[in-house]
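The structure is given below, and queries will be raised subsequently.
Order as written gives the chain letters A, B, C, D, E, F, G, H, I, J, K and L; numbering starts at 1 within each chain.
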């Protein structure tokens, strides 16, 4: 895998660091992205990172990536639990996609325990804060 | 019915022909639209066709059609299964609407077997590929 | 497709026109059949039409059609919602079958929203009154 | 509370007065807003009012309000029943939010009886037409 | 009401008296019918009584009664719990129908506690053995 | 059976005739009771009739009847659907009890279709207005 | 509306201020009532206030109000979640009724998220502590 | 046990060998029956074999067997999953009955995993193709 | 713990010894109470014992005990399974409460297997007949 | 098939003959095994028989059999209803496996009606006491 | 009862005192056992105490106790909620068994509220810490 | 974190490489372990690796690790979906634990989509074959 990776941060992740820090930690999205880009460089991978609150925009980012990306790191935020349209988009774009979450979604509200998108992905990583993204990058590059 | 019809292709349908051809066939959306426009002409109907990935955009297309359209052909894609906001929009716009699907949604994943939008429509047609749209046009014009 | 089509009207459809006209309209089954035969003639198709109240009789009509028919238009009436034996018969006979309904079954009682037979069909058309049948004929001939 | 309040009208509320008047009444959104602004003035409150059909836009309106608003009056329309992303946005923005509905959502279709957003709000008011908004304003100012 | 009544005994009721007497009693169907006819005579009512094991036959008996009967006493046997086609037939025939059961269906297996046919009837009587039928006759004549 | 019968009218039945007449008819409870007493006299039965809104009072009326009554006619009103304590009281008192309803509870709101009390009774009669009570009396005397 | 209002505090509300203050606040029921009466005076409304722990007593309070009240403010306490008999009483009395709750019932135990009484009311207000009652009064007077 | 056995093949089994051979094998019903009769002869048993597509006919075959049969081998086909009337017939006829299936119904569609008839039988055998019938015969003769 | 204990026997327990002795035994409530009082004396505890059939009365007994009792032994009878108002009362009164049952509620009808009150208690004891109460007394005094 | 068969008796089957004889019969496991070995000899098959109470031991017995066995007769006892690990073991070992039960599991407690292991087997036989095992042996050898 | 009692501590109870002390307290299993043995001596009972993490070992301990024990005190730990094999073992061994829990399982995670083993026991005691065991001993000796 | 890690391979994982290679790949467990140990060395971590088919053994391995391990990598195999006892053991041992799976459990049978153990872990990684373990090691060391 040559390593052009699209990273999609879903809804409300722009508030990272300010939003419920006891759940999501105190690092901001900028800090998370900075660390991830630095790590990608050590792995020879190239990232494009977007933060998108709109379901339709996430779908279109996946479509657009078909022309250039080798893989996708996708944190769908709350869309995880009901956006069948994003599930279809992952299937339709045909890109190897890893679903990530900062928190352990299985240790929170009941509704967070079910992902409708995961069946379209190659795998899922959750619970490790910003490290979840780095592990997803490794997964895409090394598996 | 005089025959001004809005056709809405929902999320991911822009990838038609490239996306899972074993399910959706190999015709592209352009080819589908071309055939549909040609058929409409033979029926004396006038079509406006949009492809929209965003739920909000579909809602607004339905609102806008209140001023000019006589009916709607709506393929809500995956929104079929959860977009109560589109259901409300169909009810609110008051236009005769036919829900269409390319594939037989009753012969696929369990979640595709339930449409939250169909109760607001006058009818539903699914399973006939691009022909589904042509039948929907006939349904609007002839019933 | 050469166009020998079996049309099956399921239970209680013999009362069409007399039964709940606000749901099913005022046209009788004879009128519906007359219009359908006339239309089939314009399409070069040949119809055999039966109205059957018994589940077993519908199963046997499907079996018998294996020797001569090119397709089936099936309105299973209330059997739609529980007759797994008819589902099996559609699968077993191997004929391309379209499920039709006069009314929009998704806008009525909750139990009418689920068809156990649709997964065995190539598609489903509902909500357009007698026109549903004509569209089904077109679907069989043209798809 | 000093009283800078964001009012969000969700999807399809732009059609108010034209849409299903037996459910939603005959007052238009403009009339509703006019009355609400006038009342707010008597209470010394300042309103910003938006009508948004897109889920992502509602999320971003909530984010943006973090810099200036003291509270939010939110009518999520049909998103009430499935938009976990708006639920997350209400939690994330940290603003005191009141969920309002024009109609009594507990006396309509079954699906309208469950709000996924209400747990993130301080309270809910429904069933009083345009008065629901005025009561929500009082609730934010007086509680 | 002039009192021409169709009595339908559903599946397996021909075995009455021989079948599980601890549930259904020891009187045979002939004895039950004899007593019922005698009682009807005292009431000035005229009965036609059939015992039918086939769902389709019950449907057709209901259709046929449209031309002569003033009411129906219907014991659907086990069809009570799933025959939506008989439910439709009761609705379609438009005759005042009373559902009866020999045993108290609410004190037996779980599946017997739900009747899909009762919503189409004017009422239901169960638990009184052959007396259930006599009460149903009174209900039709006197209400 | 000698025929001392307790008749219990459950909650809200005191409003009979004034309450939702399209469901419950226009006869008052006094009229219903008058007709029932008159009929009982012709059958040689003796009635004691109470109307009770409180669950505990219904339970105690059943207990008290153990010393004198031969049977019970019980219309539990809305308690039908959840009062397991009345269910226990019917079992505990050991009296032959018939559950009655004025309306056909199977043709109304979903929640009215399930009786938790019926399994403790000998039978159930519903849908015949005041006649339901008279039939219940016959059932107790004649079965 | 002339403004004679019955206020019903349901079970356990007599303990207000002593009971789980982190949920219900520290104001006592007397304080709540005092504030509400004072406010009603400013609105020209006349209140009768009762606190009732028994379901049957709540039903009878609603019946009794038919002769004098113009509306009802009803906090059914835990009966909210199962008392179909109170639901029937609200329907039967025909008075415009507002359901209120001190706490946001949608942010607590799962069982508190469903009201069986709300469908019979004109609306529901919850989450604003004693202010909920004042808003309900405004709703009754102003809508 | 003297060994007069009724064998009932349910709906669609007449198509055996032609229908979905990857599920049901390529042997025809005639071949299956031939092998079964030959085996029965070696066991000193006498078979009557019927294939019936109608639920009512299966019920009546069971009734009729009460006069002569010692046991029943019953393949209810798709009726397995909903025909409570056949369940009642097996109970009512009082004959020792073995439910058989050619395929392993537990390894197919979800709906095939539940038999409503099995509780009335002495046992169930599935998954062994035509051998299932032979094993059922042994079970009836040897247990 | 000083040992002033309120004992509440719920609905129908006044019939103990006469009611379904195969489930509840032959000892009367008086005998049970006598034995319990005698045992309490040996433990230096003081009991007040009530038997209450009305839900509201049980709630008020719990309220009243707040002024004098150190703990409560509560047999809610059938209210166990639905009285959220008693659950609230146990929480609200703040007294250490033990739920007891004479029979093993987990070995009876399905509906008896779920207690809505137990989460508000410190523990539950069931299945040991009158001994259940004595163990509850020990639990309150010794834990 | 050459006929080396592993027979696994699951948990509690060592108590056969002593445990609930009205369900499981009076023959001991030794007697069952003796009869089965004798029968196997007549069929030219060789058996290894184990009785194992531990889920892990059953899994390892299946693994070990991969090196020598041609098939497996498996009575998983109560593990039938939840041991997905045994289901996986059957799939993983790749041996043709028949699930057997002494009793008709479909005529007992509700929880016994669902096998999580059956989908991994070639078939299931239940209800014939020790004969179930002999039939399973025939099924493995003859199918 | 002569008083030979088997005490089984299920999985993870060896960690008592170290494991989640806010739920289970700070006493170790040794301390609990010591207190229990001392108490048993005062009652003239003889205990054998085991702590077992394996489901199969618990089953075999129950089997082994058939030869010597008069009763069983069983804390199945998390097996409470799914081990149907232990349920069967309790039934099969025929020993009077009391299910105990240290914590009030009805006030914790949802999954802990259902015991599959309790229906096979004579009763259940939970919520009293180590005292639960002492009460269970009394229950076995005194009931 | 100093890096002493326990790796637990759950049931059936000893068959890796031989078992369903289309799901689990062709690498054996030895190869997986070899690669993992080599990688751990580069990270300065020390592994102890066990493969355990028995639930009780997994529980005890977790207990034993309390004395030496800094973290756990746990692949519970099929126990993932029901072993509440392992869930308790993870909670009780207090070690930071990562749940791993070779396959994407969300893209397989329905029952594999729910982990009862994940809520006790710090996170979950699935879908990346042997790489899942290496990522889990990184997660433990780096987060």
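What we mean here is this: contacts are C-beta pairs under 8 Å (C-beta built on N, C-alpha and C of every residue); 3 or more make two chains touch, one makes a residue touch a chain.
What you see is a predicted model, and the numbers here were worked out from it, not measured in a lab.
> What chains, if any, are shared contacts of chain B and chain G?
Chains touching both chain B and chain G: D.
> When every step has to jump to a touching chain, what is the lowest number of steps that links chain D to chain F?
The distance in steps between these two chains is 2.
> How would the chain J/chain L interface be labelled, same or different, where same requires over half of its residue numbers to be shared?
Different: when the shared numbers are divided by all numbers used, the fraction is under half.
> Match interface G-I to one of B-C, E-F or J-L, accepting only the pair for which over half of the contact pairs are the same residue numbers.
Repeat of the G-I interface: J-L.
> Any chance you could check whether E-F or C-E wins on number of contacting C-beta pairs?
E-F
> What whole-Å value do you get for the distance between chain C and chain K if each is reduced to the mean of its CA atoms?
That pair's centroid distance is 62 Å.
> For chain I and chain L, let me know how many angstrom lie between their CA-based centres, rounded off.
Chain centres of chain I and chain L, defined by C-alpha means, are spaced 47 Å apart.
> Using CA atom averages as chain centres, what separation in Å is found between chain C and chain H?
31
> Among the residues of chain K, pick out those that touch two or more other chains and give their numbers.
Each of 54-57, 82 in chain K touches at least two other chains.
> Can you name every chain pair that touches?
Chain-chain contacts present: A-B, A-D, A-L, B-C, B-D, C-E, C-H, D-G, E-F, E-H, F-G, F-I, G-I, H-J, I-K, J-K, J-L, K-L.
> Using the touch definition from the top, list the residues of chain G that touch chain D in their complex.
Answer in residue numbers: 98, 104, 106-107, 113-115, 118-129, 131-132, 134-135, 138-139, 142-143.
> Give every residue of chain I touching chain G within the complex, in rising order.
Residues 54-57, 59-60, 63, 82-85, 87-89, 91-94, 116 of chain I touch chain G in their complex.
> Which residues of chain B touch chain A once you look at their complex with the stated criterion?
Chain B reaches chain A through residues 10-12, 14-15, 18-20, 52-57, 77-79, 81-82, 111.
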